[in-house]
Each structure stands twice: as structure tokens, then as C-alpha cells.
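In C-alpha cells below, several structures.
What follows is chain A paired twice: with chain B in the first complex and chain C in the second.
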Partner chain A sequence: MDKVGIARGLFYYYYGDIWKFFLDYLKVPYIVSPNTNKEIMMKGIKKSNDEMCLAFKTYLGHLCYLEDKCTYFLVPRIDNYGLDNQTCTNFIAAYDIVYNLFDKKVLNYNINLNKNETLKKGLVNIGMELGKSKKECLDAYKYALNKAREKKSREITINLNKLNSTKTKILLISHPYNIYDDLIGKDIIKYLEKNDVEVIFSDKFDEKITNKLGTSLAPELYFKYSKENVGAIMYAKDKIDGVIFLSAFPCGPDSLVNELVMRKIKIPYINIVLDDTASFTGTETRLESFIDMLRRVTND
Partner chain B sequence: MTKVSFPLMGDYYVPAKFLLNHILKVEVIEPPFISNKTIELGSKYSPEFVCTPFKYTLGTMIESIEKGADTLIQMGGGCRYGYYANVQKEILDNLGYDVRVINLVTKGQMDIGRIYRLLKEIDPKVSKLQTVYYSFLVIKMVKYMDLIDDYIRANIGFEINDGEFLEVRNLMLNDFAKVKNYRELRRLYKDYFWRFKKIKVRKPDNCLKIGIIGELYTIMEPFSNYFLEKELAKNHIEIKRFTTAHYLLFEKAFKIKKYIKYVKKYIKYPMGADASDNVARTKYLCEHGYDGIIHIKSSFCTPEIGAMPIISKIAGEYDVPVLFFSFDANTSETGIKTRLEAFYDMLEMRREK
Partner chain C sequence: MKDGYLGVDIGSISTKGVIIDDKNNIIASSYIWTEGNPVKAVRQLINNLKKDLPSDYQIRGIGTTGSARKLIGLMLRANIVKNEITAHAVGTLTFYPNVRTILEIGGQDSKIILLRNGIITNYAMNTLCAAGTGSFLSSQAKRLGLDVNEFGKYALKSKNPVKIAARCTVFAESDLVHKAQVGYPKEDIIAGLCKSIVLNYLNNVGKGKKIESPIIFQGGVSKNEGVVKYFKEVLNEDIIVDPNSHLMGAIGIAVLARKNKVGHVYNLEMTNVKFDTKAIECHRCPNNCELLRIYRNNELVDSWGSKCGKY
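Showing the complex of A and B:
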């Protein structure tokens, strides 16, 4: 039976839920690669070009892992959600890079709201490519979208409730594929939670609100995901004690946007850049002193 | 009076200055040539892992401010280049400079109405008719410059008297800057083209041919690629380059679909900035008997990094060697020379086989 391979990286953290619900409904078997480990990371580094960003390297690693375990890769391409909401060029080029690096069939859809190419069209096309009828696919899409929305809104509520906590609150500004990756963000979250800090995630806000708020601090910004991160700072700025900027080396949009935001905000912040050779000990020391500093500010 | 300046890119400061001088009642401050000091200034105040053009342009901006400029014009591109202006404005503000930074292209879209509004902000009395007339004149000027440069690139490696081409070229740029109308420009172009053709060259039929592709700023600003083209010319190599200002501003929008169709075996979508163009050019160079390809980019240029594996794949299929250069603000010049020499020797050896 044909199996669809879903790599746990980049797009997975935005669309993973929808994909899973969609394929479940269509009864198509699929395999999701496991959490990132050292082996996957090494595979990715070998496969990729040495200047690619850490997140993309791990993404390629996940695809390497899946290579002999599935018939198709599911790799979308996200161009834009309208002119004001574009994405990083890695998202734009991902499909073509994967298509050339791997000798494998790739299921692909394109999101380009400018040219009226939507998620709905894309998923329905994929379903039909897998041999299902159009009606089935439409139903599956509706089911998946509703389920994913429910899940997301639950997560948003939990995240926003954290803003009212009495502990030291830190907003972690990063892309979800960094935050939830086992080798990139997980250690940091674990360390923070161990030290009795409430961690608020920048990707779990209502994007409709944060998208608008983002433009107030960074006008003319046209990267969708960065804009939402900036919006999250604006949304939570009165309730949090500090901000952690976490980016993968060398992230394109982050290099500019984080610099701009750091120069504008008046909240204590720390900028952590991770690459494939970074050790956690160094990061740990920096986090420790950052937390100490925040606590001293609040106690005084 | 407002004093306008703009970051430097190759010799295109001549038409840029010409245009601003004619349509706006402002003083145009010629940006200083890029030097080591520029790079030092730029790198000092830039974010750490931004791509190198940011550092170069920031450095030039600071130097032109020191020369007296109070309004800076920045172009934008399809990648993060489009957001340069905002961050640079913030950095300049933090440094205590009171300047206006104007971003002509944003969101990867060239909006004529928006550009006109921005010009109006600089000079409220800007005339529509004059702007249109001189814009067309400058478009032609850029096109002529690019055509002549194409000819020079193919022949400069074989000139008999050293430096003759560059000498005539400087005269040409001087004359272009003083042009009054379209007829004069055309006459000058024909004159000079004839003069270039008269320069004696000793060009063997089977000379080595190399195509240069890569990221736009690094290709067009000779300082940022450590005068790569000059270095190649010294070794008697014919050079082919595609990226020119005329191509980027006026041809790209029409050609990109054709390019993607040309390489549809490899890519399906535009890959951002110049990446898919370069993939298509690789195939073109391979199919048209070029001996080698040099791909240059500034470090961390994301679209080009994405294109590199595909370029290697195509070149591998056609068995054409590719040399990848990634330039940073502190790349060593000797290293580049050594690699170039080795590449050049390798090409010669392949020829002899």
C-alpha cells in the first residue's frame, strides 16, 4: 500500500495536524518521522549545503530518514498569503530542492493567495492524486480543518492563560519549527520550566490579532511568520517580564526583524542563535543569568 | 535644499545620478567608492548574520551622510533585500543621524504610483512629464551601458594594449552623464560602440569561455566580488554574465516564466529572487559550450543557497565544472586568487584531453 511520508520539520509545525486529520479521514496510511535526534541531524547535515539554515538541515534529515520507509513525500510550497504576508525563501524553494535532492515521488501543493491557489485546492488535488474522489476529498478537508482549528484554539487558550500566572513570565519568540524541535528548542523550554518560569510561546496566539499588531511595531514588514512573532510581543508586552529571541543560524527574516525589534522594545531580552555545533552548556549559562537578572528586577 | 544620495552598485551611479539631477530639484551627492573603511563601518553596525550587501550598503550610507546627505534612496528586491531599508533606518536613527530612507521597491513589487508619491515627498514640484521622459531616457542609457559591457566582457581579456577598453569606457560614462536628449544618447552609443570595435584584440577561436552567475549585488558591484571579472580577464578568458540592471528592472518579469519552462525537468516554481534564473542559466551555459561556470554570492544569501544543489546537479549531468564562491566582508583575496588559478588550470587541462 502506498504510504505518505511526513517529515517532522518546517511545514509540519504549521500544517501537520491538518495533514494527519485529512489523511486519517481518507484512510491513507502515512508515517511521520520521529522527533529529531542526533542521527537525523547528522544525515541532514550531510545531505544539505553547508550554508542552509539549521531548521532546513534537520528537515532534510527527516526526509533522509523517511526515504526508504514510504512511497511519497509530502512537501508543500508556501509562497504567500497575499502580498503583505510572504514567507521565507526556504519555504518557497523547499519543493524544488527536495525534488532534486531525492529520487522520490513528491506530493506537492502550492499556497499563493495572490494567484488564488489555496490550501483547499492543494489538499483536494493531493487527495485525488492518491485515488480518492473529489467529494471525499472535500469532506476530508472540511473535517481536517475543523479538527485542526479546534486543537489550535485549545492550545491558544492554554497559552494565553499563562499570561495571568504569578510566576516569572518569559515570552519565547521563535518559529514553531525551532521551539518544538527536540534538538533546537526543547532543552531551553525544559530548562526554563525546571527553574519555575512560565514560558509563553509566540506561535500560539490568535494570528488574526498578532498579524495586525505586528505592523504597528514594524511597518512595511512583509514576512508573515515574523510579523506574527512581532505581534505577539506587542500583545503581551505589559504582562511579561522578559523576551527570549531564539533563531536558527542563519535565518534570513530573523536576522533583520529581530535586530529591528530588539532596537525598539523596552523589555529585557536575550538573543540566542543556535547552529549545529552549539552546546547546551553555553546556552544554559546565558539563560541562568538572564533569569537571575529578571528576578532581581522584579524583586527590587 | 535636500541632499540626496544612494548606495553604490557598479557603474550604475552614473544613470542614477543623471535621473535624480534631471527630475528633482535637489543636490545629488555622489556616493563614495567602496573601500575597506566602508566595509568596516558597515560590518560594525550590522546584525551578525545578515547577508553581505546589507553591510556594504549600510557602510556607503554612513559615508554619504558624512558627506552631507540627508535623504537616502534604497532599492529593494524579492528576498529580504526588500526589508533592508527599514532596518537600516532604525540603525542610522540609533547612531544619531537624522535622515530619511526611501525604499523604492517593497514586497518584491515595483509599484510606479508608489514611487511617484515617494518622489513627490522629496520634491513636491516634481513634474510628471519630465519624470516619464527622463525615466525612459535612463532606461535606454542603462540598456546601452549593458550592451557595451557585454561586448567588453567578451573581449577585454584579449586586448593588445592593456587598459584600452577601460579608458574608452570611462570616457563613455563621462559623456553619458552629460547627455541632453534621446538622439544625442543614441549617437553617442553608436560612436562609442564603433570605437570599442576598433580596439585591437587578439582573440583565438578556441579561447576559454566562462559564465558567471549568482546573486545580483555581488555580481554587479565589482568591489564585493574582489574584481573577479578583472582577474579572469587577466587570464585571457571570455566572460559571459547575464545579470544586469536592465535585466533585473525590466526584463525579468517577462522572462521568468520562459526560464522555468526551459528547466522544467528540474524545477516547477520560481524559487525566490534570482535562484530560478540561475538554474536556467546553468543549463544554458552547459548547452552552449562554455568551459566552466562560476557561481558567486554573498554569504547567507538564502535563495542562492537553495539553488546551489540544483545547479550542481545540472552541471554534473552535463559534465561542466562549477566553482562556488561565497563572499563575506572579510574574505581573503589571496584565497580567491588561488582557487581561481586552480580552476583555470583545471579547465585548460580538460581542454587538452
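Showing the complex of A and C:
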């Protein structure tokens, strides 16, 4: 039977849950690539153009892993969520890049709210492409949406509860595909937690609230995900001790937005840029000194 | 017996060590090149320090900082191992309690630390790129057939520093080669280089930071009069360079070692024990981590570098 391949990168961290619940409901078999490891990353780097960001290279590596293990790739094209809610160009380009790089059938849908192309339409079309009836697909969509929302709201509650912790609290501002990736963000989270820091994740907030807050700090922003990251700072600013900006080299939106935000906020921050060449030693020095600063170690 | 505290700052280019007393006076100090072998450099350093140490002193605390701090911390059984930012801030505050800005340019890293009322309020370090740091200067000195120590003096002679690309050292280097081949005088090229270091630093780590005086410049590059001159010129502020500016990190970590002393007396002869490192690549999973195993007297004492944490 046909198998859908889902790469654990980029979109997965936004839509992975809803895809999995959707396919589960339709009883379509699927495979998700494993956590990123060096081999996957190396394959991705080989496959990609050197101008691409580390996260996108990794994403391509995951597709390389899946290539001989599935019938289809699931790769959406996410353009915008309405006016002034653009996504990164990689999210728009991913489908076309994958289509041209791999000799593989690609299940694709568009999200472009300006043109009324929604997630619902997209998933229903995919379900029908996989031979299911429209009714089944609609039911599956509703089921998946509810399940995914429930899961997300649980995660948000856990994240928000951390704001009341008595430990040193650091808000990690990054895209989820960086934060939760084994080779990109995991070492950082591990290091912080080992040093008794409460790590709050920028993507686990109510996006409706953070989106608005982001606009209030910087009305000129038009990247949806960046706005939500910025909004998370605004939301948590009175409760956190510091902010870590973590981006993958060379991230376009982050290099603009983080720079802008750093000039506006009054909270201690540090900017960490990761590439595949960076050894963790340098990052560790930066994290350690940042924690020291927050805890005022130099002060007698 | 009087108490002394040893601070060792092992950077990528140079290794610095000081022994201070209870009042933060420097009793002995040493500054040598690391030359890619921190273990060997530290042995040499300790020997130098021992010669200078009056016999009525005993070592009651050891601290390590710098990029090889973990390794050397293990080797010396240090009671504190701390990052360079904290060490530099503590060291500088010991002598200049009012400092508001610390500029530091070392071999691989450059940093800026902002302090208000003796507390670090903000800092930045170079991110991925090591452009405009000491290692670049010393490699260019070699290219021009000079000792890096004379670099500053040459720069001061120049009246017309050449313009050298200030963004990336790779571009800076090709610029420099080009200018040398076209026939510019050496001192003008060197002065241009020093200026490009300053501009690069201010555009890179100093970007968006409010640099207020008193400003203290330290790290190995602060010994370069040319760079100091252009910092003064560009910032239009007075720049303080302490005679011990190259030792500030070591002093800071020695102060921290004193504050965190555990009580026992260290024997400096211990550096003569056999201390080896072995690098192996693990093939148990696709990550292929490079593991570094550390042996003291052939006994495995630590292992670093695994992602899974099994080793």
C-alpha cells in the first residue's frame, strides 16, 4: 500500500500533529523520519545549495532519508496567513525545490489565505488524492484539527506555567524547527536545563495573542512566525530574566527581526547563530556567561 | 605561610597565568604562547610561575578560564572553571570598580562587556565569524615578515593608513595582498589593518551597544598600540589599557578561585603527572560523535563530545 513520507523538519513542527492525526483517521500508512542525526544532516547539506539555511538543509536531509521508504512526500507550499502574515520564502519554495530535486511523487497543498486557499481545502484534496471520499476527508480534518488543538493547548499550558517558576527563566526565541531539532537546538536546551534554568519556548504561546502583541512592538513586521516570536517576548517580558535569540545561519527573517527587536527590548539578551560547523564549545561559553550575567555572579 | 591563588587563562593563541595574594596583589605572572598545545603550555606556565613564587606562599585555590578551561581545569583539579566573560569582568572590576565598558579582543574571540555599578548589564561576543581577532593579526604579521609584537609600532609611523575591507578577514587578506603587491609602504598597510580591526569590531560585536567611558581595552590585541590609537580616534574617547591588560582574565579567575576556595592546599608539582587526551570517533549511531577521552596517569578521568551522554 502507498505510504506517505513526512520529513521531520520545517513544516513538521507546525503541522506534524495535524498530518499524523489526519492520516491516522483515514487509515493511510505513513512514515516520519527519525530525529536529526549527523548522517541526515550531511545528506541534506550535500543535496542543497549553500545559500540555504541550516534548517532547510536538514529538511532536505530528512527527505533523502525517506526517499526509498515511501511512495509520496508530503510537502506543502505555505505562502501567507492573510495580509501581513507572510511566511519565510523557504516555506513558499519548498514544494518546488523538492519537486525538482527528487524523483518522487509529492503530495502538495497551498496555504494562501489571500487567495482563500486554506488548510481545510488542502488536506481534503490530499485525502481525495489518496483515494478517500470527500466526506471521509472532511471528518478526518475535523478530527485532526481538534486533536491537534487539544495537544497544542496542553503544551501551551505547560509552557505558561513555567513563567511562574522560581528558577532563572529564559525565553528561547527561535523557530520550532530549530528548537526541537536534535542537532540544532537540543544541546542548548539540555545545557540550560542542566544549569537549573527554566526554558520557555517562544512557539508555545497562544498565537492569536502573540501575533497581535508582535505587531504592537514592531508594526512594520510582516512575517507571521517572527511576529509571534516577538509577541512572546512582549507577553512574558515582566516574568522572564533573559531572552536567547537562536537562529540557524543564514536565516533571512531572523537576521532582520532579531536585530530590530534587540534594539527595542529592555531585557538582557544574547544572540546565538548556529551553523553545521559550529562546535558546541563556543556556544557553551556564550550560554554560561549569559547565565552568569543573569545571576549576577560578578556581584559580591 | 601566606596564601596565594592561581588563575590560568588558556586562550587559543596565548596562555596566561597569575598568582595573587589575599589582597589581589600579583605575586607572580607569566605569559606564553599556547602553540596549539594547551597541556604543554600550562606545564611551562606553571614552571615559570613556580620560579617567581616566594617560598613562603602556598596555593589555596586554582581557577581556569579561556577556551581550554575545561581540559586544564581537569588537569589542575581547579576549584573553579569559568567562562571568559565573567573572568574578565571580575578581573577588571578588581582594579577599576567604575568601569562601564570593557573592550576585549583575544585570539579567537572578541567581546564587549557593558557594566553599570559593577554589574554586567549587557555583553556581546562575536558570533560565527572570528573576523578581526588576534589570530588574524598574527597570521598577517607572519605574511609581512614581522613579529606581531612590533606591529603596533609600525602602525604608529603611518600617516596614511590604507583602506582595507573591514567586514571579513578573507576579503581583508586579499585586499592586503593586493595593496602590498601594488607597492604601498609596509607601515601604511599595517596601520590600515589595525584600523580595519577596530572598525570590524565596532560593526560586529559593538553594534548597537552604548559605549560609555571609562572604557578599558584588554586582551592580547590591546598590546598593539596601533589598534589602541584607532579605537581612540574612532570612538573619540579615552581608552585605558592597563599594564596588565593581557592578564585580566587570569586575574579575574584567580579572584574567583579565592572567593570559592575549598580549603585544601594545592601542590604545583602535580602538573608533572602524565596527562593525555585521545580522540576517537564513535560509530554506535549515525551521529558519529567525536569523543575526546582524557587520561590522568593512564586512568580515564573524563570523556567529552558525545551527543547521547553515554560516554
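Following the convention adopted for this analysis, the second predicted complex is superposed on the first by the 296 of 300 C-alpha atoms of A that agree within 3 Å, B and C clash if a C-alpha of one lies under 4 Å from a C-alpha of the other, contacts with A are read in each partner's own complex, and residues count from 1 in each chain.
Quick note on the criterion: a residue touches a chain if its C-beta (ideal position, glycine included) is under 8 Å from a C-beta of that chain, and two chains touch if they have at least 3 such contacts.
Since we're looking at a predicted model, the values are computed, not measured.
In the superposition on chain A, A:296 contacts chain C only, with no contact to chain B.
In the overlay built on the shared chain, the residue A:285 is in contact with chain C alone; chain B does not reach it. Of the two partner chains placed by the overlay, chain B and chain C both lie in contact with A:273. In the overlay built on the shared chain, the residue A:38 is in contact with chain C alone; chain B does not reach it.
More residues of chain A lie in touch with B than with the remaining chain of the pair chain B and chain C.
By the document's definition of touching, both partners, chain B and chain C, reach A:249. Using the contact criterion defined above for the overlaid structures, shared-chain residue A:187 touches chain C, although it does not reach chain B. In the superposition on chain A, A:178 makes contact with neither chain B nor chain C. In the superposed model, A:263 lies in contact with both chain B and chain C.
By the document's definition of touching, neither partner reaches A:168: not chain B, not chain C. Common to the chain B-facing and chain C-facing surfaces of chain A are residues 249, 259, 263, 273.
For chain A in complex with chain C, the touching residues are 37-40, 182-183, 187, 249, 259, 262-263, 268, 270-273, 275, 277-278, 281-282, 285-286, 288-289, 292-293, 296-299.
The part of chain B that touches chain A in the complex is made up of residues 47-51, 54, 79-80, 82-84, 86-87, 90-91, 94, 103, 106-109, 266-273, 275-276, 299-300, 302-303, 305-310, 313, 326. Every residue of chain C that touches chain A in the complex is listed here, in rising order: 67, 82-86, 89-90, 93, 109, 118-125, 127-128, 208, 285-289, 307.
Chain A makes touch with chain B in their complex at residues 48-49, 51-53, 77, 79, 83-84, 86, 88-90, 92-93, 95-97, 99-101, 108, 110, 218-223, 249-253, 255-260, 263-264, 273.
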